[in-house]
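Take a look at these structures.
One chain, chain A, appears in both complexes that follow, with chain B as partner in the first and chain C in the second.
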Partner chain A sequence: MVAMNPPTDQETRGRNDIRGLAEPDAEAPKVARVEGGTATFDAADLSPRLVNLELRRLIYAEGIREVRIENPGAKHSIAVGLLARCRITINGSLGYFGATLGDGPEIHITGRVGWSVAENMMSGVVVIDKNAGSLTGAAMRGGDLVVRGHVGARTGIDQKGGTIVVGGNAGSMTGFMMQRGRQIICGDVGPGMGDSMYDGEIYVGGTVAALGVDCIEAEMTPEDEELLDRKLGIYRIDRPDTFRKFVCGKQLYNYDNLEPSERKLVL
Partner chain B sequence: MSDGTAGSAAQHDPQKQFDLSQRRLTTRQGIDTEELTGRTFPYQFDPGLVEDIDLLAATPGDDLNWLEDIHLMEEDGIPAVFDRYTNAFLKIHFDIPSGREDEFARKVLIKHLQEGNSYGIWLKHQHAKFPQPELGPWLEGSATVGENWTPPTVERWDKTFTF
Partner chain C sequence: MTDEMASSESMGLGKSRIFTPEVINDIHVKADLGRYRMRGGGIFKKIPHWDELVFLPGTLTRFVIEGYREKCTTKTVLGSRFAKNPLVLDIPIYITGMSFGALSLEAKMALAKGASMAGTATCSGEGGMIPPERDFSTKWYYQVIQSRYGFNPHHLMLADAVEFFIGQGCKVGMGGHLMGQKVTEQVAEMRSLPAGIDQRSPARHPDWLGPDDLSLKIQEVREATDYQVPIQLKLGASRVYDDVRMAAKCGPDVIFLDGAEGGTGAGPHIATEETGIPLLAAIPEARRALEDVGLADEIDLVVAGGIRNGGDVAKCIALGADAIAIGSAALMALGSNKEVEGADYQGTFGVSAAEFYHWHTGKDPAGITTQDPELRKRLDVDEGATRVYNFLHTLTLEVQMLARACGKTDVHSLEPEDLAALTTEASAMARVPLAGTSYIPGVTESQTLEEIKTLLAKHVANDGGGSDV
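Moving on, here comes the complex of A and B:
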């Protein structure tokens, strides 16, 4: 048996600190220009870490409630983990995991986004003017996620609350393992829609290529119509003439039979 | 959305904003708010304390946003609202007017969050790893927590190891 020196902190952590934080010594660049209560900064030469540090400085420390980011350059993980009421405009496109883990912010992205936009959002509003990639709104818990264009596969996978609105078409396995919440798809939806969903509602204005396991069509109610009118009205999306509603057939799962602690996991 | 006053966030001392001595962290594994916090709260008993809460003002966007998923439920046969930040039910002991069940459930929950009484949020003082507003989107200018996080240590844990 050979005794080894324990690794140094630097060897253990590499580029990250013990919290898993990249660039742990980075500081907010303080490059924003504030005029009339709105802060604007250019993200072209900033790493994602620096962009997020600048956002937190403005929103948490300076109390700014309107921020505009120019030249986001499709960077990943921008505007994540913001826990305050504020409005952020991102003038361009984002890469993956944009606007995730938010609780309160209202974020407008004028371009496109990659995978998993608004993943795990607790509350707030995220609006994307163009298309979104796969896993849009994954594990979302609350708030509104609006994509005016098309979305990829597995939209709202593991969704536990909130409303996802898509102005165009959605890919395969939309609503896969959805547990609560609502999806409003104005266009067509690919195969496997609602596969293994536990609960929630998926409204479709176009055609559905094929339903997934245990997903069934249900009757529209006046409450459903009110929801559709309200959400599409708020976000100024043209409403298709008719919608069909799809829910869980509940042949595979029944929450009433679960232990109380398991039941709470999906509330 | 409320218009925040510049510089208001992160300026408050959590010890002054709320009486932290009134908070005791449980060592049990209970799942109800009253068991976790060791107390009840006045707004669980008096509808007059929540009647004036403006739900639209308390939520982002142009409608109820995340509160759309909050409904009056039941725990131990008593009306209750689920607090997702604690993963526990908060019981409501007053008579709720018919037809306003969800409204009162939402108002009680928002009051609970705005007054800093959600047990899961109390844990931020001990476990938040990054600086953040304690009461996030519910209370303008709430205290900053997570500025002085240190890794937890396990008693008698020795980092030295051998192959």
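Moving on, here comes the complex of A and C:
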């Protein structure tokens, strides 16, 4: 990452880490314009720390419910750990760890995102208009995460709840070790899908290159169809005609329950 | 012929040191089971340990400090590098992360209460926060662990420090284990798992892979917690020098090193025996790494693994640790491995109370490493808390005693110079001289080699100076 404000000599002596990511002493820049309950600010010259301080100031201290961030410049760790209902529009792309650890916010990113977007989200909505990197929605616990474009590998790894909707294709190991929740992938999915999943459902509209260990196909029910109609309807994503549903085969639940012939499953 | 057919014991050739009765039994069990064997506890095999180091107290060359009369401070501050609120502990010892799930609710509460009485911290461990533990802990670490079981940003905001679990000394390179017997409805719900499954936690974090990503993950959690609390990285002791250098560059406030002696609630026996290096070898390597990256004064070092008494704690500090975390010993202080009324260790597990390592079974007669409602009743939270407090207090008194004897008015002033080694192995690993000598294997040789090189260079310079006499 390029440091936004080059540290001064004073700062580099002791109060900075090697990569220049830590900014312990920063204060909110107070640059936002507020009009009719909506705050807008330009992040072009702000470091992630300053963007987050400004966001926190607006949402927690000023009680503003709608924020628009211009020129986010693919910065990392933007809009993280927000625990309040609010609506944030990020007009551009984010780097790693965008919109993570949130409970409540509705975040719209008009560009692309890097790895681990919406990681550990508790509730709320994150919508990404273009593509997302790998580890999308890692360990997510609730809410809706919508990627209109394609996603990389290990989407919804360790997912514990909520719904991940992908308009395009998904990479390899999608739903790796998934525990709960749902994934709706409208396009094709790469190899190793649902590997070692514990529970939850993965719906796929396109082809699946190969299933991972202990992932099996299950019958679609009317409830499944209703869910797909509803979720894709809310986010206005074209619904493929048919979906297939994949769940956990539950063969790996206990160490001692495998028949001798099944033991090679885990090799 | 008579030799091969020897019928009396006195005629026998001997016994295999390789295929011992225990090894043969292990092979028989595995041939029946078809899988690796699980157990609780720490390493069984003999490795170089703190017993092989001794202190060199003051006599005439150093003067000593009066016990009980002159001050010897124990206050320990961790994470003042970037955190607005560093963790301030009254003593240099705290209680390491052990999950609710591995431990009973009562055990977690008693550890929290005992630690608070002693003015020190506890840690959530893997299974998420349980409110009674947070309530009883005046200082509380929240763990960001690979599985993220029960991880909740609201709980993150309640933490006094955040620990990134990257590995543990007992089974370096592996995630946690919790056998189905202990995955009750409540434990499963907290972890968003089906009840009763054998839980094998991921070994890798879901949202980052290498050190470059980790530095961004640290940035993320710092941003989320607004730089209020220290960030600590917990590593299993393996390639310590390189790992600590990398960890330091990721920007943490504290690095936690867990030696191979560390225990676990449940883990594969083979991993417990065969992974990681001893703490006495790890601490000097960590110090060297921090010195070499120029962060020795900024990043604090916490260590853990097989710590039993104040002597072990003092030796860790002398080698360069700022604080020491205990796990197994804290459980024993609570009453683990102790005869209790109604318990039949021999009949149930085939071993005595002292040799009980079956923490993974969830049938702990002392009510500590179990979720069984009947067994849990055997642990009284207040009595347990008092025992934990007593033990933590005793450890501190023992550290102070050794520090005073070595002439220190602050336990953190203990240094490698205060130690000697009893074996060449310990001397080479801990880099303190073999008792009664000034010899440190490896170090002495390289110093001698340097001297020879310098002398040789001088000699060549003198001799090859163009003299034509």
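We take it that the second predicted complex is superposed on the first by the 232 of 267 C-alpha atoms of A that agree within 3 Å, B and C clash if a C-alpha of one lies under 4 Å from a C-alpha of the other, contacts with A are read in each partner's own complex, and residues count from 1 in each chain.
One rule holds in what follows: a residue touches a chain if its C-beta (ideal position, glycine included) is under 8 Å from a C-beta of that chain, and two chains touch if they have at least 3 such contacts.
Treat the numbers as computed from the prediction; the structure is a model and nothing was measured.
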**Request:** Could you look at A:M177 and tell me whether it touches chain B, chain C, both or neither (first, second, both, neither)?
**Result:** second
**Request:** May I ask you to decide whether A:E54 touches chain B, chain C, both, or neither, giving the answer as first, second, both or neither?
**Result:** neither
**Request:** Check the residue A:D103 against both partner chains and state whether it touches chain B (first), chain C (second), both, or neither.
**Result:** both
**Message:** Quick check on the superposed pair: does A:E201 touch chain B, chain C, both, or neither? Answer first, second, both or neither.
**Reply:** neither
**Item:** Partner chain in contact with A:M122 - chain B first, chain C second, else both or neither
**Value:** both
**Touching partner for A:R141 - first (chain B), second (chain C), both, neither** = both
**Request:** Could you say whether A:A22 touches chain B, chain C, both of them, or neither, answering first, second, both or neither?
**Result:** second
**Message:** A:G161 in the overlay: touching chain B, chain C, both, or neither? Say first, second, both or neither.
**Reply:** both
**Request:** Please write out, lowest number first, the residues of chain A touched by both chain B and chain C across the two complexes.
**Result:** 1, 18-19, 21, 56, 81, 83, 103, 122, 141, 161, 180, 260
**Asked** Residues of chain A touching chain B in their complex?
**Response** 1-4, 6, 18-19, 21, 37, 56, 59-65, 81, 83-87, 103-106, 122-125, 141-144, 161-163, 180-181, 230-231, 234, 260-261, 264-265, 267
**Message:** Which stretch or stretches of chain B touch chain A in the complex?
**Reply:** 1-10, 31, 59-63, 65-66, 68-69, 73, 82, 84, 87-88, 129-133, 136-137, 140-141, 144, 149, 151, 159-163
**Prompt:** Which residues, counting only chain A, touch chain C once they are in their complex?
**Reply:** 1, 14-15, 17-19, 21-24, 48-49, 52, 56, 76-77, 80-81, 83, 95-97, 100-103, 115-116, 119-120, 122, 135, 138-139, 141, 154, 157-158, 160-161, 177, 179-180, 198-199, 253-256, 258, 260, 263
**Complete:** The residues of chain C that touch chain A in their complex are 33-35, 38, 82-84, 147-148, 151-154, 156-157, 179-180, 191-194, 196-198, 202, 206-208, 213, 215-227, 248-249, 251, 293, 298
